[in-house]
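Okay, here's the structure, questions in a sec.
Note that the chains are named A, B, C and D in the order they appear, and that numbering of residues resets to 1 at the start of each chain.
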């Protein structure tokens, strides 16, 4: 049992013990989960200092002759950064949850789900092959389902959980096809082996493009890219710490992380790669537009997350671009991952901040019912504003560096550069709108008036994350897992232009929304999210429910009634026809007997003669 | 010989027809007696004296008496419907016709059946009772026992059936 | 000897109940004893590997043609024996003391006989008894549905399933006779499966002959497994059957058809399969996609579960259609996993039925707070059924899919079918989670009529979940017994 | 001297007369009589085959045929006895011997 396996399994043990043994002892279960997260964090810090992290142990899961699927642990490169994000932010969120969920009835269930998530997410990061990644990929889906549906007695929460699971399943459908295609072509699912095989052999480009596209479908689902983005805003029905951990910092970023893992495949699949770029760019744009008109604080952050994920995906997509025989590969994926890394801190901070605000405002989520919170909630407000600045890309906060890295990559395709810049403007704009409405002005409802600073237990994570949001962009914070030279750095005027765009967004947001009590410029199509939810519902009605209904009718009417019952009816009818001959008339029988004798005689006679 | 054969055959078939034509069951029974007597005579022409005697004793003697007895007992005179059931008659005629046609066509093609009878060998002419007895009590002994059981069962059955279904009988049935 | 015991114990117990022994206790004792014996057999199989038959016994009944009443297990039968004894134990445990009409005997004899029939069929070394034992199990199924079934149409449904399966068996019998007469000669006529397989391997029947023997065999076995389009018996039968019978039939007896295909049809008639591959792929997609859609539009929980069990059989067929050991072993694992998960679901459905006046999904809701144990275990069962990692169902589905793509440099028919079949994973998530959402989640508690703590048997439910999880985490426990 | 065919013809005719009786008549006692005629016709045929069984118009060596006829007569007698008993029982319960009125076996 290696350290890595302990990191992997400890949360599972915590989850199981919480679910099965500690259902009635809610407080104990919370401490068990938090403790396991803490231990994992400590062990991880120890682990990432080791020099050799290639093969950290392996467990043979399925073996049939030559066919083997292993649970093998591999940790290198970007994975190191990812595992730190997962365990660190995971631990902080456990800590925050101790306060946030203090009075919840389903505390044991909640922490059990949280631990299950830690287990699954660690598994994704550790995976050394696609099959293992898929296993944990599914498991994060489940833990997300469980946590979104934590307040299962709320209809909206139950629906949102279901929706998240379905949409993710659709993505996983593609992911699995991709894995299978890879397995068919290479006979292996191990990252290292596939890379080796790819380097040494020729493979059908069409098939590779298709398999990369299919694998990307997994990322579309999990990282909520267009057109499967609809579940993420709804997922905000879950407790806020869950939104911070799963639906902002880690799980939704897993799609990006996964793409960096299969970088070597994207490099040789340029068509699929450009699909990835455009999907990312469109997601970034659409989500940012939608974010500008939302009124629910968590929804705004959710769309912001979507938009930032689109950025990352777009960046990774550039890995398939070849310029003068040189692949953009590593620098593109590093740029994407760099943004993932910084984003994890400031977005988790934003969500936890919003959680603190919601907690303080007695579970009020509408920003127009808040206002003036900077007065009573100084620390929270300041951390929130720092995170906003980081997200807007203000120098020298972390977001500035990572956004610049992505834009540097995007220089290679002007259209995407334009979209990216516009999104940067929108980001600054809607975040400013949020801050202005929530923190400044006057309190617009009694819940905002009564708000007061949250307890220390919840402030500690905020403060720690603020440190991360400020410094994550500095070289020292990432140089231990990725070579700083391999992260593209902007040159020339680009950083100044981007900063100008960000400042423009902030200024326009500030002046447009200062002192407003309600949305001054309602744009229905954006507030209604381009009516995509409604369209999807109609599509589902048509393509699934209607077809299913038709299938059921066919099943009941054609197969069951007509064929089966009809067959039975036919037999019955023949039977009753024959029954008519059973008249009970002795003379009739005798007549038939006579005729029978004559026929037999005739037949025998004919046969012999 | 041929003459006798035709006379007795005619007797048998003629009165056989009368059996089914007569409306009164009593007449039917009496016609059947004569028909069976003709049959017994045919057995004699075939040198089956034992069978002939049995035929007379069992059928014309015992069975027909039984028939008459029952007809008297139940006091059945005429069939209720004076008219013939033409459907049944038609069916009967069809069967009769078809059967006769088949019979003739089968027998017409049966070459072995064209052999003429030759006089019975003298040494065997009066041996048949002995031979049948020997056969029954050697080769068919077991079958004879089974037959005995059958008759016993029939006897018991008749007793059970003809018991009046009175107070004590209702439970059993 | 031990296998003879496993088959005999339920029959003896059934006789004892018939002669007046106490119903539930006797049945439970027999099922428990069988469970222990089954675990012993599995232990031995794990020790030796499942390549060859062990614990072989035989009694010669006819010399020529050689007809022997004999039992033995290899890996595949061993897995199914384990499945049978577990499900039997749970089904018997869940059965109440007395039938709804107060009678005892038939109510407890029937599950035992179904179990004995299934065990006999899985363990017989002889083709004749393989068939005969399965037929034995159909009689109690018919009686139980007809007498103790739910709903007004139970008698019609009992006839339907019986006639359906009877016709299936008839087609199958025709195929078996054709197979037998083509493989044997007067000098050496045998019913032994092992010997017949050996003959088939050396003799290599003509493609055309194999083709036309394979068809009735496959259809016959297929009807028993509710292969599309012969599936319409399954859902109503399971919906109206008493809980124990639904568990045993859907969980165990149905697997006989798959077992037969893997044991008889595929090894003896490999070319026959090739000839029909296209058709079979279409039919199994019918099972997965079409029946999946039918399942989505079901309005009653019991019907939905019945249809879902039909749907998942498509994956087992897909595994068989892989024609490699990865797929086949995946199919066997699928049989095991699906047997347990569907038995678990029917057990829970039965518990719900006791507490609700209807199983119509729109009429019930928000039950979690009232019946938390049921909610949690139904959650486990639903997740198992939709193939979530950690449960054996996932392991088997993954194995089957990898089997389908094994060494496939390009996307052929089988691969296309597998891709389409994968969509079934989404479909099953849709109907399962919809049902779960409807029954257990939401803001209003509806439909609950009574809460009885005493009638909820936790042990069998926990047992089944535990086995599913164990084999899901360590599928090699099962797979190591199967030939590769 | 008559030929075998002539005997067979007579047997056949007697049989068909009996059959016609069963079909035409509705009095169950007459039907029973017709049955007896059919049985006797079979007997005649059997004996005739015995008489010509040796070939060339000579009788067969074995007396099996006559043994069988003997058995048939015995069974027929038993049958008549039982049959009449049934008729009596039937008459008691239904007050009729007309088969057209005895249709309880109608399917």
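In the analysis below, a contact is a pair of C-beta atoms (placed from the backbone, for glycine too) under 8 Å apart; a residue touches a chain by one contact, two chains touch by 3 or more.
Note that the coordinates shown come from a computational prediction; the quantities given were computed from them, not determined experimentally.
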item: More contacts between chains, A-C or B-D; value: B-D
item: Farthest chain (mean CA position) relative to chain A; value: B
item: Chain occupying the most central position, where position means C-alpha average; value: C
item: Chain C and chain D: spacing of chain centres that average the CA atoms, whole Å; value: 60
item: Distance between chain centroids, defined by C-alpha means - chain B, chain D (Å); value: 5
item: Centre-of-Cα separation between chain C and chain A, whole angstrom; value: 36
item: Gap in Å, rounded to a whole number, between the CA centres of chain D and chain A; value: 93
item: Shared interface positions of chain B, touching two or more other chains; value: 85, 88, 91-92, 95, 99
item: Touching two or more other chains - residues of chain D; value: 19, 23-24, 26, 100
item: For chain C, residues contacting two or more additional chains; value: none
item: Pairwise chain contacts, counting only pairs that touch as defined; value: A-B, A-C, A-D, B-D
item: Of chain B, residues touching chain D in the complex; value: 1-2, 5, 9, 12-13, 16-17, 19-20, 25, 28-29, 32, 35-36, 39, 42-43, 45-48, 50-51, 54-55, 58-59, 62-63, 66-67, 70-71, 73-74, 76, 79-81, 84-85, 88-89, 91-93, 95-96, 99-100, 103-104, 107, 110, 112-118, 120-121, 124, 128, 131-132, 134-136, 139-140, 143, 147, 150-151, 154-155, 157-158, 161-162, 164-165
item: Interfacial residue positions of chain D with respect to chain B in the complex; value: 1-10, 12-21, 23-27, 29-30, 32-34, 36-37, 40, 43-44, 47-48, 50-52, 55-59, 62-64, 66-67, 69-71, 73-82, 84-89, 91-93, 97-98, 100
item: Chain A residues within the chain D interface of the complex; value: 579-587, 590-591, 593-594, 597
item: Complex interface listing, chain C residues touching chain A; value: 160, 163-164, 229, 232-233, 290-291, 293-298, 325-326, 329, 366, 368-369, 376, 383, 388-390, 394-395, 398-399, 401-411, 415, 418-419, 422-423, 425-426, 429-430, 433-434, 437, 440-443, 474-476, 479-480, 482, 484
item: Chain A-facing residues of chain D, complex; value: 19, 22-24, 26, 28, 31, 99-100, 102-107
